[in-house]
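In the two complexes below, chain A is the common chain; its partner is chain B in one and chain C in the other.
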Partner chain A sequence: MSGDVMVPAGTLVGWPLWRRQLAGVLRLELRKTLLSSRSLMLYALAAMPVLLGGMHLLATPFMPEGMASNLGRHARIFTGMYSTFILRFVIFLTCLWMFMNLFRGELIDRSLHYYLLTPIRRWLLVTGKFLAAWVSASVMLSSSTVLALLLMVLPAGPRELADFFINGPGVGQVVAYVVTTVLACLGYGALFLAIGLLTKNPIIPGVIIWGWESINYFLPATLKKISVIHYLQALAPMPPQDGPFVILVEPVSPWIAVPGLLIVTAALLVLATWRAQRLEIVYGTD
Partner chain B sequence: MAVYEQGYRGYDGPLMPDCSRFLVIPRYAYKSVFASRVFVGFLVLCYLWPLGLGAFIYGLHNLARISPVPITFDPTEQIVIDGDFFLWTVMFPQGIIAGFLLALHIGPALISSDLTNNALPLYLARPINRAEYVIGKISVLAILLSLITWIPALLLFTEQAYYAGWDWLVQNMRLAGALFVGLWIWIFVLSLLSLAISALVRWKVLARAALFGVFIIPGAFGETINVLFGTVWGSLLDIGGLIARVWEGLLGLDFDTTPIPLWAAWASLLTLCGVCLLILRRKLQPYEVVR
Partner chain C sequence: MTAHSDSRIAFENVSKFYGEVLGVNRVQLSIEPGITSLVGPNGSGKTTLMNLMTGLLRPTDGRIRVRGIAPDDPERLFKIVGYCTQHDTFPRGLTGFQFLSSYLLVHGLSREQAHGLAMAAIERVRLNDAAHRKIAAYSKGMRQRIKLAQAICHDPSVLVLDEPLNGLDPMARAETIDLFRELATEGKHLILSSHILHEVDLISDSVILLNEGYVVAEGDIRGVRSEMESHPLQIFIRCEKPEVLAAKVFAQDAVVEVRIHDDRRGLLVSTRNPDSFYLLLNQIVLAEDLEIEHVTPADENVQAVYRYLIGGNGEKR
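What follows is the complex of A and B.
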């Protein structure tokens, strides 16, 4: 008698099956992260930079003469807004909410067992959920960033804008902001996915991480490296921070920042998968 | 006993006095709160900073006695213990940081679990009304927050008054009142905000996230408005900034934390409390009509 398992003809096994399962999880999760009532909070967060850009645009007629057409000033203001508001608050909180809910939200809704009862490997489930949330967060936040940038520079007028985007650094800046946003979603997303799986109360670690990221400017060079924001700063066109307590260090090269973020993300995903393999549901405690 | 024999019977046991009946709620709530070792550890950690400050005040007044080398100067002339000292070393760390973390841990679970499990009628079927229910839930937070905010603050004030003498006490009596009133206002705001979010977002994990977001996002948004438009009114959205402004007013300090008028800070905090009370009034219904 042979030890081989008999597989009916036409049944997918191995990579083709995993690809199909991953696509299934992705489809389901994309719908959940983009269309559920819980994503309203994410849309509200993503709308904030656009709202600020819109307010800036509406304030154009009240600006002193010469200020409205000063595109360099508008771009500088947006750079400040991106580094202090969008990156540290909007992207951070969107990722916290979205990735924390990937498993914790299912536990609250008491629907995780539907996934766990299907014949799908846990690593595929984690990967599928992570990819869906990453794509959703990246699309949502990149669109918000680009839209906010456009609204901020619009008061400069068509000639200045054409010069900025065709001959100037406009396109490069847009690409830099989008890449930074996408990588921020990747880094923070993996971190909060792991925390959401490892702890029952992911908000407290989230608050501590937020505090750590906020004081990054004041940390010594060695400690700065243990943060996501330090690597993101190397990618976005951000102004150097100044102040009496700020510790200035040499910025990280993008050639180190990007692979570094990818390696940390991979390590966190491995940790999340390891935790998901041992996941047991106790709905009563939530 | 057959089921039909277990008809409804009203409670005929001893009743607590009307004025202290709401304290039944914290009594039961603390059983679950103190079951968490993480929380107990956090509460102990909250006392390390005031203990350190107590040691600092002691050292400041007794340096000549405890120092192994002769001291040629008076340290109390170098470091003045005044309103600024209490604002930056007691009210901010104990009130805003430790107080907020405590509220974040305890607050969102207070009402959400009652609403999620339809347990509100079980409370209101007893001799307790909605107002007492809310006061009881607020007191869960208020008692714990008192333990880490105004009580250590007043103990430090008393220690300083003991060492500095009668003259200092008479000159700085206002500080004691400001510490007590200021921190109680913060406790009230924080408790109401936590309860309102707990009633709105019925899952405690999400309610915690919402409370964190409500606390930091409007402040950052307001600060960005300030920078974009060269105004100060964006600070009205910063809850931490508003209470800091009120504290400065109570302590009689120069205003330098938040650049808005004092009346505007008071008005914003009152509006916030009013909105929270409206949410609680709307959400805490003893019954729900499902169509």
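What follows is the complex of A and C.
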């Protein structure tokens, strides 16, 4: 038995205690997020891009001559799919469901009080729940994105694939998609966690935010900046949007986008913690 | 603050409003270790008081200290407090053992400690056979027992128990009451609410009577009863010649009313001065050579006090 194991919790204070408590919250939350009946919806959402990638692969024999081996074309199709479907629909909805339920779901289930009856500080509880959901969402959605990309480019054949990943931009694109996905989970996660704590019915603000993020292309430059998608677009290998009503603006530099997202995330987590600090258990009215 | 005051649970002029609805108002309490029962009709403020002392609610006004610790300091409070709430709900998908050990890990215990304490608590509430079954498959009584195990598993010195006997069969009730007595003899605070007044009478060292958010009475039940001057104490005397005794006692100032029992083998005496009456009774018994089978206070219990102060019999919910 290690020395750490022998130390009773009562004698621990400060970071050694908080580290153990954080690990306890992470363990319990990962179980709840990944193994409960609520997670079926998340798995279904995460499976959608893979399903589309699979359908694309199955359609290979029916593609016109030369199209199947055109890897650049497959990669561009995936880029469009990532921008319009994965980021705006799958990642958005997964984060909405997962992060809003961190507190709101437990208030609805009337089980949040079990956490509040342990000697854990509320900021630590918010941090633990957020980290567990962020890790779950990031792993789930990054895997789904990478798998979907692989299925999309697979029809090009082994030689084209080797060239794309060894000599071409393949690995860089995979990294960019994964980083964008992880940051999207961070930004949307913090936003929905805060909304889940601040509002009694988070569905309405969720729908409003979805609408706002969807019309981002058509917003003036100043308003574009008040959205998560605007910063994510600077990171993923996404094509610039065009169309009759699209308002084009200079894309944000990743050096601004990443710290910007991190600062907004931190601010939202502070807001969520402030609300959690004042949270009372009155299930009857929740 | 002195060491003496630190061993108490203190409410100092505490009020709680839910918007404009009153929860409790100007509560002033000092609760000693031992078993204290909160008694009152639905909506009287019992659960509100429990939630306030465990930090699940914040007082609108006033100050609360649980053995010297503020309820908004969970890191210190829940090392000494365990709370079995009235909510019959649990996190999804967990077995009884996982439920206890998971939250013990959140306490900051090591895996070995958490597993050991979880099993010990499960054994204490006699759920060993069901420990590794999903809580969703538990009966109402089993769920009540696993909640109790969750409250006691970290060996707290203050136990707050909201209707802890609900859903338990008679055998489990008796075992649980024994457990409460055992915990109280260890010097712990047990604050419990129950609507079954004869059980409250059996197990409580003191009671707090609540009605519509106000503390109506508090303390040892006999002390509370003796202070109720508007309701003379009723004493039942089982004896051979009740008519003789009735005639003798009725002549005394301390006696308000005397009634012969229907079976004519006893009488019910109402008195405003029980001490004088007991003295007088001894004198009469000696003088008249009467044979007394037993003497019992007839309304020196929670049910009677509840009836006099709040109305109703307290048994309905």
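We adopt the following convention: the second predicted complex is superposed on the first by the 275 of 286 C-alpha atoms of A that agree within 3 Å, B and C clash if a C-alpha of one lies under 4 Å from a C-alpha of the other, contacts with A are read in each partner's own complex, and residues count from 1 in each chain.
Here is the rule we go by: a residue touches a chain if its C-beta (ideal position, glycine included) is under 8 Å from a C-beta of that chain, and two chains touch if they have at least 3 such contacts.
The model shown is predicted, which means the values in this text are computed figures rather than measured ones.
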Overlay on chain A: chain C relative to chain B, clash or fit: fit
Superposed arrangement, angle subtended at the Cα centre of chain A by chain B and chain C, nearest 10 degrees: 80
Chain B versus chain C as contact partner of A:Ser36, first or second or both or neither: second
Chain B versus chain C as contact partner of A:Leu28, first or second or both or neither: second
Which superposed partner A:Met48 touches (first chain B, second chain C, both, neither): first
Dominant contact partner of chain A by residue count, chain C or chain B: C
Touching partner for A:Ile77 - first (chain B), second (chain C), both, neither: first
Which of chain B and chain C A:Asn201 touches, first, second, both or neither: first
First, second, both or neither for A:Arg159, with chain B first and chain C second: neither
Partner chain in contact with A:Arg88 - chain B first, chain C second, else both or neither: first
CA minimum distance (chain B, chain C), superposed complexes, angstrom: 10
Interface residues of chain A shared between complexes with chain B and chain C: 38
Interface residues, chain C side, partner chain A - complex: 18, 51, 54-58, 74-79, 81-83, 85, 87, 89-94, 102-113, 150
Complex interface listing, chain B residues touching chain A: 101, 104-105, 203, 205-206, 208-210, 212-213, 216-217, 220-221, 223-225, 227-229
For the chain A and chain B complex, residues of the former touching the latter: 38, 41, 45, 48, 52, 55-56, 59, 77, 80-81, 84-85, 88-89, 93, 96-97, 100-101, 104-105, 108, 201-204, 206-207, 210, 286
In the complex, chain A residues that touch chain C: 1, 4-10, 12, 17-18, 20-21, 23-25, 27-28, 31-32, 35-38, 106, 109-111, 113-122, 278, 280-283, 285
